[in-house]
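Look at the two complexes coming up: chain A is in both, with chain B in one and chain C in the other.
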Partner chain A sequence: MELISGIAATTGALSAQRTRLDIIAQNIANAHTTRGPDGKAYQRRTVSFEAELLGASSGTVGLSTVRVAQIQIDKTPGQRINDPGHPDADEEGMVTMPNVNLSMEMVDLITASRAYEANLSVAKNARQMALKTLQIGR
Partner chain B sequence: MIESISNSANFHLSQKLLDGAITRQQAIATNIANVETPGFRRLDVSADFGRTLRAEFTKAGKADLAMVRSMQPRVSEDSSVRSIRADGNSVELESELLAMSRNQVDFEFLTEMVGRHIKGLKMAITGRVL
Partner chain C sequence: MTIIGSLPPISTPGLAPGAPALTPSLPSPSREITPGANKPFAAMFDQAISSVETRQAEAAAITKEVLLGNNPNLHQSVIAMQEASLSFSLMVEVRNKVVQSYQELMRMPV
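Moving on to the complex of A and B:
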């Protein structure tokens, strides 16, 4: 039995959403990176989640938390633009840009931070309940 | 008498409902954590807990307090909601947050109930209003 109820699930969710925010930040930061360590343009990363059952030690059976299942590379080809003056341009003067779509990343960013906030308010609520429990009989 | 206070039906009902509120908080925490997990079905306190409690306390005659004391709330998949999302997830963030604040008010009310029972007992022992 945990004193603050449901905190194990919330902790997992907070760290999963945090990972997602980190990945989105990485995508936005590399929105114009035309040469990565492999010499090619940056490919955007996506995060997927999966539910993870909590053990019996957490008190109640059947509860689950969330964790990052994997961080995939989005294989969609990036846009090719004509810019002969660019250092990464090929013989025909074409440059492959990263496949990062800024507006998509911004929407993802807002969704992730809302989910993070929702989990934070669960944690706050659980803490208040634990404090109320300690007040019984005072 | 101590027995009549600690054996009152209200005290036991409040205790069990407190257990239920804690379990519901855990279920809601799980739901909100998995708001973006594909295929996740929302959890809640299984319906038979409330049903059994209600039946026990509304029946004619005295409630079986030993039976009530041994009851434990369980979480189970809430089959009453259908998923309207493409990923098969049946969690709606807004209704979970509302359920959570409602559950918190329930919880505070119940802690107050249990607390007052204990305060009443203290008053009976010491003869002073605390």
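Moving on to the complex of A and C:
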């Protein structure tokens, strides 16, 4: 039985947004990584979501929550800079930098953070509604 | 006469939870069970209490997992705790109502 209505959908959304935040953190952390496990520069990851239908229990409509569909790799080529002293420089002295754009990542970070906050507000309000319902008996 | 006569069947389900604990010597007047509820209120309330306890144990388990670092989802722990707290409040509310109805009955002039 679900005591706080719609909390399952909110929980899924919170998990999804948290994953998104993790991926953004990974992108920002690797903004200057010129060598990954494959020997190439880091490529930024993006997260996409998909709806997931929750089983309808008695007395509730079938809600859908959200989950992470997949984590794609952004294939756009990274900036190439001339730095012959760099250990990852090629024969011409060029180094491929990761295709992470910090300003884009910051915008994504704010979006993810606000989306998380919005879902927290839903959870808070649902809880308050349930508490107010208990006040009927007083 | 008719009012008093109609009282026992109504008050029996309400009196049942308080009766065994508060006045154990009181024999249950009639084991007549209403068609809606096929088990006594005390058993139902007992089940509700154990389900509240289960929720609290679940919340504690999730919180422990989060604190141990096995589960990165902090919100699951907080939401589980909120659900446990809410179900506990509901249980207290039901208990208050039961005690209130018992006291109401005890105040009844005979």
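Rule of thumb we're sticking to: the second predicted complex is superposed on the first by the 134 of 138 C-alpha atoms of A that agree within 3 Å, B and C clash if a C-alpha of one lies under 4 Å from a C-alpha of the other, contacts with A are read in each partner's own complex, and residues count from 1 in each chain.
Here is the rule we use: a contact is a pair of C-beta atoms (placed from the backbone, for glycine too) under 8 Å apart; a residue touches a chain by one contact, two chains touch by 3 or more.
Because the structure is predicted, anything quoted here is derived from the model rather than measured.
In this overlay on chain A, chain B fits alongside chain C without clashing.
When both complexes are overlaid on chain A, the residue A:Gly137 reaches chain B and chain C alike. When the two structures are aligned on the shared chain, A:Asn82 is found in touch with neither chain B nor chain C.
Residue contacts after overlaying the shared chain place A:Arg127 against chain C, while chain B stays out of touching range.
In the superposed model, A:Gln72 lies in contact with neither chain B nor chain C.
Using the contact criterion defined above for the overlaid structures, shared-chain residue A:Arg18 touches chain C, although it does not reach chain B.
Residue contacts after overlaying the shared chain place A:Ile7 against chain B and chain C alike. Of the two partner chains placed around the shared chain by superposition, chain B is the only one that A:Glu50 touches, whereas chain C remains out of contact. Angle at the C-alpha centre of chain A formed with the centres of chain B and chain C, after superposition on chain A: 40°, rounded to the nearest 10. Touched residues of chain A, counted separately for chain B and chain C, are more numerous for B. Smallest inter-chain Cα distance, chain B versus chain C, after superposition on the shared chain: 6 Å.
Across the superposed pair, chain B and chain C both touch chain A at residues 7, 10, 137. By the touch criterion given at the top, residues 3-4, 7, 10-11, 14-15, 18, 120, 123, 127, 130-131, 134, 137 of chain A touch chain C in their complex. Interface residues of chain A facing chain B in the complex, by the touch rule stated above, are 5-7, 9-10, 12-13, 48-51, 59-66, 111, 114-115, 118-119, 121-122, 125-126, 128-129, 132-133, 135-138.
For chain B in complex with chain A, the touching residues are 21-23, 25-30, 32-38, 40, 43, 74-76, 93, 96-97, 100-101, 104, 107-108, 111, 114-115, 118-119, 122. Within the complex formed with chain A, the chain C residues making contact are 72-73, 75-76, 79, 82-83, 86-87, 89-90, 93, 96-97.
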